[in-house]
Amino acid sequence: MRIKVGVLGATGSVGQKFVQLLADHPIFELSVLAASERSAGKKYKDACYWYQDTEIPENVKDMVVVTTDPKNKEFEDVDIVFSALPSDLAKKLEPEFAKEGKLVFSNASAYRMEEDVPLVIPEVNADHIELIEIQRKNRGWDGAIITNPNCSTICAVITLKPIMDKFGLESVFIATMQAVSGAGYNGVPSMAIIDNLIPYIKNEEEKMQTESLKLLGTLKDNKVEFAKFKLSASCNRVPVLDGHTECIFVKTSEGAEPEDVKEAMDKFDPLKDLDLPTYAKPIVIREELDRPQPRLDRNIGKGMSIVVGRIRKDPIFDVKYVALEHNTIRGAAGASVLNAEYFVKKYL
Amino acid sequence: MRIKVGVLGATGSVGQKFVQLLADHPIFELSVLAASERSAGKKYKDACYWYQDTEIPENVKDMVVVTTDPKNKEFEDVDIVFSALPSDLAKKLEPEFAKEGKLVFSNASAYRMEEDVPLVIPEVNADHIELIEIQRKNRGWDGAIITNPNCSTICAVITLKPIMDKFGLESVFIATMQAVSGAGYNGVPSMAIIDNLIPYIKNEEEKMQTESLKLLGTLKDNKVEFAKFKLSASCNRVPVLDGHTECIFVKTSEGAEPEDVKEAMDKFDPLKDLDLPTYAKPIVIREELDRPQPRLDRNIGKGMSIVVGRIRKDPIFDVKYVALEHNTIRGAAGASVLNAEYFVKKYL
Amino acid sequence: MRIKVGVLGATGSVGQKFVQLLADHPIFELSVLAASERSAGKKYKDACYWYQDTEIPENVKDMVVVTTDPKNKEFEDVDIVFSALPSDLAKKLEPEFAKEGKLVFSNASAYRMEEDVPLVIPEVNADHIELIEIQRKNRGWDGAIITNPNCSTICAVITLKPIMDKFGLESVFIATMQAVSGAGYNGVPSMAIIDNLIPYIKNEEEKMQTESLKLLGTLKDNKVEFAKFKLSASCNRVPVLDGHTECIFVKTSEGAEPEDVKEAMDKFDPLKDLDLPTYAKPIVIREELDRPQPRLDRNIGKGMSIVVGRIRKDPIFDVKYVALEHNTIRGAAGASVLNAEYFVKKYL
Amino acid sequence: MRIKVGVLGATGSVGQKFVQLLADHPIFELSVLAASERSAGKKYKDACYWYQDTEIPENVKDMVVVTTDPKNKEFEDVDIVFSALPSDLAKKLEPEFAKEGKLVFSNASAYRMEEDVPLVIPEVNADHIELIEIQRKNRGWDGAIITNPNCSTICAVITLKPIMDKFGLESVFIATMQAVSGAGYNGVPSMAIIDNLIPYIKNEEEKMQTESLKLLGTLKDNKVEFAKFKLSASCNRVPVLDGHTECIFVKTSEGAEPEDVKEAMDKFDPLKDLDLPTYAKPIVIREELDRPQPRLDRNIGKGMSIVVGRIRKDPIFDVKYVALEHNTIRGAAGASVLNAEYFVKKYL
């Protein structure tokens, strides 16, 4: 018996990735697709401009899209919804679902930094999920909102976690080169990015600099005590379809050699025994000098592994390396789905 | 009366840029085009696959290419040669020209780090040119080799110079996003870079990390005392035709606010009174949040200005910003030509 | 004394090209910039996201944008307006300007195929301008609307005109590869076109197939008798910023050899004695096997020349060749400006 | 028991596709990888720069590459070799293999147009394989050479076959937009194709214009009588990684309506009962106005289906449409493998 789930914002860029991941899922049964008024009432295949390079899953094609209203009868048996809503809509609509008793696994940024909302990467801080107890108490909800971080944050934090655990973290510089899919299908006009790059992504650096500290923080007395290291990011959009690449420079507390960092990353595999369907080895290390590369490596671990290369001594800090993430899978839809799988395994 | 000059490696990527810059130059008269045996004897228009988006200059089209041998009679009246040779050929051939009394203004890396060879950006360390006295003595040459730095080094160092002068430099992190033209016309296959990037450029990080210290060093007793700050680079190739973009994080000795850094950069204009034909304001600052962008800003100052944007407070160091350089003009051919113009103005 | 002109739709993609062409024009003085309510009242530099690779012209930067209403006092002394309006707005607004006595040189498709509206390429059918007499009578206007064709039509028709004149035309097949700028700045998302092409452009084939026959038709008794040949087009969007490329296969009435076609094209230069500022040789022929190429050849004749290459014998028809046009200059703003220059020269 | 096979030119672009297709093949066992002297003796993973977006197959990684010499003992038990050799090497080496009794399924152009060499697309002219009887007699070989056509020819001919069978063919115009992978990994520099296209591919139009007539010709008395229709092609390289798109205009002998052509194409499935492992429905029709698109549709049928869209009435001929082919699978390696599968099924 699979658990019935819905997707909010099902026709958009991240929504389509949710559909791909959930259409044939061993634990979840994709039962409701919600979108805007304009799409509601239409078959999914007609409501959405499907631009993935695989076909719309057969069993989803003809599902009729509903409005994003938890009172729709289609949501009745649904316990879990995945939110691919834009931030402003998420702000308004996710609480309505939580109030109606739904567990909202959200990719939106709206509630990530709220004190009583877990911001979770299960390999990194799965225990933060327990914040939902407080959240329910505070807000009088039967359901809850559980968020995953911003795409570029996930990439960095997964690689920083094994370093922090072993050597402590002091300072981290990150320069990102982010794919256009991260801005949504219509987000980056071709006129803006062919033979070009844009050295700015609205709010992205702020998200990386704050979300990281919450993720790597410690749950104490129902609160997250933020991690103490410092992080500085410079974020860029480049003409790549999928795959965020990050140049990361790290100063540890205790000093670390590249070989030790590599070993720590390679051994980092905290959930391997849980048998979660979407789980893959969180960090895959490549030895070639010129890897990872987004087009060649973004699908490793079905898009769920962070691919790391060029781990080398840094002339100022301890170590520098390059990390790559499939931004719409590991950095978005896949992150939410993994959160839900973990939740189901642990708490249901 | 203009000074007769030649170009070595005239048919290649940087060679073509030299030809564009010199074809109609107020001080220099382009008299000799040298290239490999294969090209020698042919008209320039036939010897070279011209792929600039302007036509081959009329007065150059039918010039006959000669071999890269200073004993060719065509070099007789030529005092200055510009070298766009690949490093291995430069190593062998540039000394032959210097021995024959030519001043070699070289874009090649072969001699940059030799103790008695000036590595010069005229706005930054013009006085290092005096090293050629020692060079001539050491090597028994009538001519000399004067080099300009690697493209990505120039971009960074020009922006660091006014900061160092005012606040002192301690540490600098740089992540680059470099154009494919930097690798030469055939350097980056389209199969390698469409929908992709490559987080590695051979020897590039090493060049940035060493050349910068020589450039910002001090000439004392006929030697360059290297600067003492530390620099760490991570270099990437991106699908951009021309224009290197760099994310730079700077820690100064005395502390510096973004506004002060901006002012120092904006005022930096050391050679403005020399009236050098290729000179442009070395740093142009853009206030828009999403600039500089390579396609839109690479031609500012006819490709000779470094365009800087996003100067902002850094959460770890003092300041971070984004710098852009036209890599084949300011970062290559234009750098050599400016060196020669400065030399002529000062010493001839 | 220059003639005061205005631009309608001044902030958009084609509007910006008009501004570039008119900012420093010997005959026209750019006096009014009109755009939507949202932009009106703002300085041009603030109203428009300027994404050309040259700066906003100094004398235009601070001009205050007005609404697209001919009764605005700013239009008082303006006799000519250039319209870069989208088709639906053009339909409504252009007649209002014509009614107020303005000559509207329009790049919009709204009125192109109306019986009493001239559709003009001055090198091809300048005499069609006389239709405005009828137009004024029919519609009771003091002003008039004079249109230029769709971008891909212009490219083809300019090359077909000298062939038709010399050999007669029977059938023409055309496959286009059109730049993304043709769809406007936001028209083609990068997600839609990186590593991709789209073999469809709405209404484009229809426009080419009908507009061509009007353009190459004959003005008789105040009517255009359409040309009788047949044209079939297949239109594609490709990841090129500027420059439409067309593969053209032509069957003439009398038979034609490639050399004859080349000669006819090369000699085609009907307005060379009029000294029109925006005029350039309408067809430039390249002999290289692999030209024209959009990035390398689109700026020939300041973007006003059609560049033709590969004129060769066709195994079925008489001849085939490749033609290239800068779509936002020769194919849009430049076409309107040239129409106006011709009009001024001939009729004012 | 699978049949042992080898790949000649195994490290190159098409060679890697052969390896992907054969590494885990139900009928063939990939036993020998041959390449140049430079690669021989190395493990495949070291000899080849693997740039596919999936990993090197585990069972191939450590295979030791041999020279392209049929006398190498590794070829002893091998009956079939697939040739991804460049044309000049193919000319010399393929006969050596045929002489040693090997069946050479070749993607090279060297022997395609030889009178006694079958040029085969199994769905189109499988019976031409019988030419090898004559070939063996003529040349005294125990083995034989069986070729598949040039990539862009295959795409066109598969779609023309059902039209010809039902309506007869008179004239066909084709304009292609071909992916960079068709030129090999290093074939098209990024400097040549970013923001650009190249309206010329050496010998490509000639290949399309001659190979098509042989493929659609009739085997009579051990000779191929060429088809009588005429074909004219104009070939272009565009910035797409994989996937050739073709605009095709067709005049039939008997006249044909778009709906009839669509039906004929859709029903065309001649080998569906043979159960060949690499076989997919040869033509898949898409109804959307803006399809096929290379990035979205090239992998349909695991890259073996030609995807056709926009079948519509032509104003001059009968019908026009757009066809798409994965050029390195259906248009190269997959074509050879399918030929071999068919051969094994029919003749072994």
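Odds and ends about this structure:
Chains: A, B, C and D, in written order; residue numbering restarts at 1 for each.
Note that in this section a contact is a pair of C-beta atoms (placed from the backbone, for glycine too) under 8 Å apart; a residue touches a chain by one contact, two chains touch by 3 or more.
Keep in mind the model is a prediction, meaning the values are calculated, not measured.
The chain pair B-C and the chain pair A-C differ in C-beta contact count, and the higher one is A-C. Compared with subunit A, the chain whose C-alpha mean position is the greatest distance off is C. Over half of the residue numbers at the subunit A-subunit D interface are used by both copies of the sequence. In terms of their C-alpha centroids, the spacing between subunit B and subunit C amounts to 41 Å. In terms of their C-alpha centroids, the spacing between subunit A and subunit C amounts to 47 Å.
Annotation for subunit A: residues touching 2 or more other chains are 51, 194-195, 239-241, 295-296.
Put simply, subunit D touches subunit B in their complex at residues 13, 51, 180-181, 185-195, 239-241. If you check the complex, the residues on subunit A that touch subunit D are 51-54, 194-195, 295-296, 298-299.
Of all residues in subunit B, only 171, 173, 175, 177, 194-200, 209, 230-232, 234, 236, 238-241, 245, 247, 249, 289-296, 309-310, 314-317, 320, 322 touch subunit A in the complex they form.
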